[in-house]
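Each of the next two complexes has subunit A plus one other chain: subunit B in the first, subunit C in the second.
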Partner chain A sequence: MTGFIVRRIALTVPVLLGITLFTFAFLKVTGDPCAALLGERYTPERCEQIRVRYGLDQPPHVQYGRYLQTTLGGDLGRSILTRRPVTSELKIVFPATVELALAAMLIAVCAGIPLGVIAAARHNSAVDLGAMVVALVGVSMPVFWLGLMLVYALAFKLGWFPTSGRLSAGVHVEVVTGLYVLDSVLGRNWDGFWDALHHLALPAFALSTIPAAIVARITRSAMLDVLGQDYIRTARAKGLGERAVIARHALANALLPVVTVVGLQTGFLLSGAVLTETIFAWPGMGRWIVDAISSNDVPVVQGGVLVFATVFVVVNLVVDISYAWLDPRIRFT
Partner chain B sequence: MPHTRVRLSRLGVIAACLGAVLAGCGSEPTAAPMLPTASSAQAIPTGEPENAGRLVFAHPEDAAKLDPADVTDGESLLVTWHIYEGLTRYQAGKTEVEPALATEWSVSDDGLTWTFKLREGVKFHDGSAFDAAAVVWNFERWFDPENPHHFKDWGFEYWTDMFQGFKGEVDAEGKPKSVFAGAEAVDAQTVKLTLNRPSAPLLQNLAMGNFAFSSPAAVQAAGESYGTPDGNPIAVGTGPYMVDEWSPGERIVLVANPDYWGDPPATGELELRVIPDGSARFLSLSSGEIDGMNQVNPEDIAKAEADSNLQVVLEPANNVGYLGFNQARAPWGNLDCRLAVAHAIDKQAIVDALYAGDAVTAKAMMPPSLWGYDDGFEDYPYDLAQAQAYMDKCLAAESMPAEVVFYVPPIQRFYFPKPKELGELIQAQLSQIGVTTRIESPDWGSLYIPGVRTGKAELFLLGWGGDNGDPDNFLCKLFCGGSADFNSDGQFESPDGPAPRAPDEALDALLREAATLNTQADREAKYQEANRMIHEKVPAVPLVHRSPPVLFRANVKGYEPSPIQMILTGVSKE
Partner chain C sequence: MTHAPPLPPPTVDLASLTAAQPRPPWRTAARRVVRNRLALAGLVIIGGLVAAAVLAPVLAREHPNAAGIWAVAPRESRAAPSAAHPLGTDQLGRDQLSRMLYGARVSLVIGFAAVSLAIVAGTLLGALAGYLGGWVDTVVMRLMDVMLAFPSILLALAIVALTGPGLMNVLLAVGIISIPNYARIVRSSVLAERHKEYVDATVALGASRRRVLFRHVLPNSLSPLIVAASLGIGTAILDAAGLGFLGLGGRPPLAEWGLMLSDNRQKLFSEWWLVATPGVAIMLTVLGFNLLGDGLRDVLDPRLRGRRG
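Then we have the complex of A and B:
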């Protein structure tokens, strides 16, 4: 097991190097930031000044070498647009995304697994059909549209929720982790806690619908596989109640593919959800990196993609390791 | 604040579930370091949020930074207008300037030395004195790349735009590029600015938000973090508001400066909130969660006009959107061909179809809100028969390509809210006189304007928004020798581009002369003449002047629309 983990971690190094090289080459092809920075004020002379200022006039291998060197030292450079260190911006946007992604995944798991289990237990019944229709709607509904509808109905019409942001004006939370709900609990700031939760609810729900639907469908199909196994028939023959069969024998064995999907979906969500973040004015990774791409803010794009890649690699690693924990038959040597 | 605990109780189980689990996540290590934000540095646990005395204005993007000398985006300036002040300022609702931190000034006969008397008793927000030394310190910081506070990698882009160069930079003839030569403190309340050559727009330039003064002590203390959320302090000027909080990507909160020398702000706290999506921003305004917003979706303007809880304010237009000709590409060097297009474009149809009552047709390359605008000539009327007659003359002398490359912006610009539709409409209008165009929309961020300036486009849609309220900033920007948009000036920068044409010397000389005259009356006459000359030569077809709409709740009062700045200092709620 330890050997496996060490091997997997070692493998991440070439993966991340490849990502940095790909990102660098891609940004070289798509142009440099001066035209985006200057807009209507663009002239070739001004553009050249900017290239020189940011070292973009250097040969590509020199630029890449310098980028790798500073990155290995923990310095992701400074945003061309805001002049702030990329790491400083990450400290703001990454926790915001983590909070939103975890909340969305929590809702997805809380809703998706029971839905899938119920559909499988009542296979081919109206309940199964209904659950799968709900899942289909969930996976096909555009997040952008759903977000706007939620804002319109629950925030604008009913006034139950705020329309945007992470905290109301005038509410402050002492930042420890950057996850405001958690930070307000740590600081015993209950007004802050309710306010942060209040702001989190709608975007988390909007973001959760697609992963919830995927989790529900995977759970259902995994459960159907397991429920057809001999040991389930044996359990029923021994007189175990259906609930116990499903909860104790079937569900535990059906979770393996669900864990994979939950892991990968969490990876996607942690990469930021640009549409949800835009609708709800959530200052997360998605909006941050899309803004950076549209303005060719090279250091931010490079830093952001590196963080995305690292998140995916780590999530995949965690998923693989969790296999061993969930299924004792799997042995890593 | 519309959200209460009673309403929160409806969240019930979801709230408890989320809270419990997220709290449970707290013991897990997180994937990235999470340090305090700018807001946490001043974190104050409070009770229910209070909106009394607070005006909340939403805009689509956060400020890039709050050091005005180094910003170019309107979102940053929206904030810095309230924090900082310069020697002069724009009159409310106008582009003419008036005294601000300078109370009076004089200029030498040769136009090279300007002497400013400073307002007495003014202090920066950090308590340090605003005096001649502070003014000189700021000018030296902006002008001298070797100055320790002219930070490496910072652009000071508008200094380059308005003063044309930094200390030590020389042109091909060895003359200093910069208009500015130096600043000197004559005494504590008197500053002398020396120029390398006369610059009539100087007072207009000094009123720009970019040339407002930061506290030297604050810049020295914060170093390269000055103007960013990491800065300590973040931003210190002499203006009516001070920075209280900056939650990046969410909001900036300003509070009234108790020691402000002028009229105190009408509202104690001003929150500039970031809501990126236009529809969500409008819903927030409709629900009363915010008090005002800019960057309105065109389809929301009519909704706002129909809503008695809202009011629509149109800022006077300070821009022009135009159809440009690349005169180095046949047949556009021929005046008859350009006149044919000028008569074939139905500007009123464009305004009616693509704007929501927030634009007027343009006949000049500068807006009517600026002095120097000439209303004494008629626009080329939309007249297909006349257009065809000009086109026949054009084709008798020139050959028309089978397809004319027509650049259309791929993204919205403030003067073109629907560029794709605009391009298609013009394409259809030009087809009526036999001009077939091929629309191309290369990436705005890297290819569009370079494509125009290197001659890849034959026709193109582009525009310009004024910076300083001076006609020079429109006409010289677009038509003086250094500008290559219309390739009528022999300045083509691309070695593989088409052969350059002879410069338009008469127009160039007229505009350069206008920029050196000292009286506005003399300058006004020159710009009116230049407008007529541009109208006759048709280097471009001016299409629209757009008045950006701003929305407020009906109970908001005191906003003074302006072509050049957005200042909320006098705004309050009833």
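Then we have the complex of A and C:
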């Protein structure tokens, strides 16, 4: 097992290096930072000074080395727009996205797995067909459209939920982790908890539809695979009820592929967060990057993309390792 | 053992001999697609959309940007749905239905073009990696891993941030982000085929590397590619609409569904249908390609055959 983990971690190193190379190239391609930094005070001499000061006169591989060094040291530069370090902005927007993504994943798993199990248990029935059509529609739905429809129906017409943001005006939550729902529980702030949960509900639901549909489809096909195997026939033959066969014997094995899919969906959740956060004015990383793109704030785009991609790679690593831990066949091949 | 009844004398029927030609495989596949209800539904949806896109100038009452002098009837902006404007008019008084019909052209072209680009590039890269092996394989596949390490919309966003907003750049971005998918599919089927005996036989007969690759090895990866392409067109349309919605695609007044959605977003609380309808169009289109892709997978992947009713 240790060998497997070490090998798997070693495999991610070139990928991580590739990501930094990409974000480094990104800065190079977006052009000369002189104009952005100097603005109206631009003169060729001042530009030359800046180039020397930031090492832009060095050959590319030296520059990349320096970039790697500062990045590994936790310095992602400063936002051109706000002049604040990118890392300190990240500390605010990152937890918001994590909270949204975790809530969406929770909803997706809680809805997707039962839906898949029921569809498989009643294979080829109307229930099965209905569940799979619902799942297909879920996969095909643009998340930004669903978000707007939810805002219209549930927030505007019925007034059940707020339309945007993370907290109502006047409600305060003591920040510990940056996940407001969790923080308010830690601080025993039940008003804050209720308010944060209310704000989280719609964006999390909108973001969860596609992963829920994918989880349901994978659960169904994994269950169908398992239900066709001999040991299930044995379990049935010894007189176990169908419920026990499914819950105790089939589900445990069928959940293995589901674990992988749940992990892979993290990438989707991060992508979807970009659109969902825009709709619900959720102050997370996705909206932060989109805003930075429209205002041409290169260090923010660069740092944000780097962090997004790194999180994705690390999550995939964790998924692979947990998969090997759950299924011994993986680690010995 | 019992005696078998004597066999009837063999008769040679020339007509039946010629008729007994094996049916070409694509016809078998086509027949199965039509029998698969979900795939058929997908085909019908896609067919309807293609018809709407091609016939848009005939079907639409007005030019997508008709307002002022081109208007058929006196303009009323943000009109509720009526006989004259079945889906109402937007804030500039343009007929929403006409714009939706023209929007089908943009989405379908982006979907097909982006996926074609990705398939051509992905097939070349995957085939080279799988067939040549060695360092080419390592370099290409590591590059693909790095691309897969970026959440798709994010990579597309980064590409559009580099190239600047625009429909063409969205098309490129959406195409580029799906290259790794196809490269992986082609590489794995090339690896699977490369050491089979028929390939050795072809090589022994003196066929060139290129001929072996393109005439013998690649056709075997065709069916997973077709399935991936059908599902991929849906994803590409969805991603492109998302980028359009974020304002990174075409500029107004282009009739593009994602852009129409964000243009009318401010009217959500008063004229909700202006926001609802382009979304329904996107969903239907993507659903069509997903249904077809699923159906094709059932048909083309023999391991799955018979699993569904």
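Throughout what follows, the second predicted complex is superposed on the first by the 284 of 333 C-alpha atoms of A that agree within 3 Å, B and C clash if a C-alpha of one lies under 4 Å from a C-alpha of the other, contacts with A are read in each partner's own complex, and residues count from 1 in each chain.
Just so we're on the same page, a residue touches a chain if its C-beta (ideal position, glycine included) is under 8 Å from a C-beta of that chain, and two chains touch if they have at least 3 such contacts.
Owing to the predicted nature of the structure, the values given are computational and were not obtained by experimental measurement.
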So, does A:Met141 touch the first partner subunit B, the second partner subunit C, both, or neither? second
Pick one for A:Ile289: touches subunit B only (first), subunit C only (second), both, or neither. second
Name the contact category of A:Val15: first (subunit B only), second (subunit C only), both, or neither. second
With both complexes overlaid on chain A, does A:Phe24 touch subunit B (first), subunit C (second), both or neither? neither
For A:Tyr67, select first, second, both or neither according to whether it touches subunit B, subunit C, the two together, or no partner. neither
For A:Asp195 in the superposed arrangement: first (subunit B), second (subunit C), both or neither? first
Partner chain(s) touched by A:Tyr152 [first = subunit B, second = subunit C, both, neither]: both
The chain contacting more residues of subunit A, comparing subunit B with subunit C, is B
Taking the contacts subunit A makes with subunit B in one complex and with subunit C in the other, which residues are shared? 30, 148, 151-152, 156, 270, 278, 294
Can you tell me which positions in subunit A touch subunit C when the two form their complex? 14-15, 18-19, 21-22, 26, 29-30, 124, 136-137, 139-146, 148-149, 151-152, 156, 224, 267-268, 270-272, 274-275, 278, 289-290, 293-294, 301, 305, 308-309, 312-313, 316
Can you tell me which positions in subunit C touch subunit A when the two form their complex? 38, 142-143, 145-146, 149-154, 157-158, 160-162, 234, 238, 241-242, 245-248, 258, 261, 265, 268-269, 272, 275-276, 278-279, 282-284, 286-287, 290-291, 294, 307-309
Which of the residues in subunit A end up touching subunit B in this complex? 30-33, 35-44, 46-47, 49-50, 53-54, 78, 81-85, 87-96, 98-99, 102-103, 106-107, 110, 147-148, 151-152, 155-156, 159-179, 181-182, 185-187, 189, 191-195, 197-198, 200-201, 204, 270, 277-281, 283, 287-288, 291, 294-296, 307, 310-311, 314
Which part of subunit B faces subunit A closely enough to touch in the complex? 1-3, 5, 7-8, 10-11, 14-15, 17-19, 21-23, 25-26, 30-37, 39-40, 42-51, 54, 56, 61-62, 64-65, 70, 72, 151, 153-155, 157, 160-161, 224-225, 227-230, 245, 247-251, 253, 271, 273-277, 279-280, 283-284, 286-287, 289, 443-450, 453-454, 462-465, 482, 484, 493
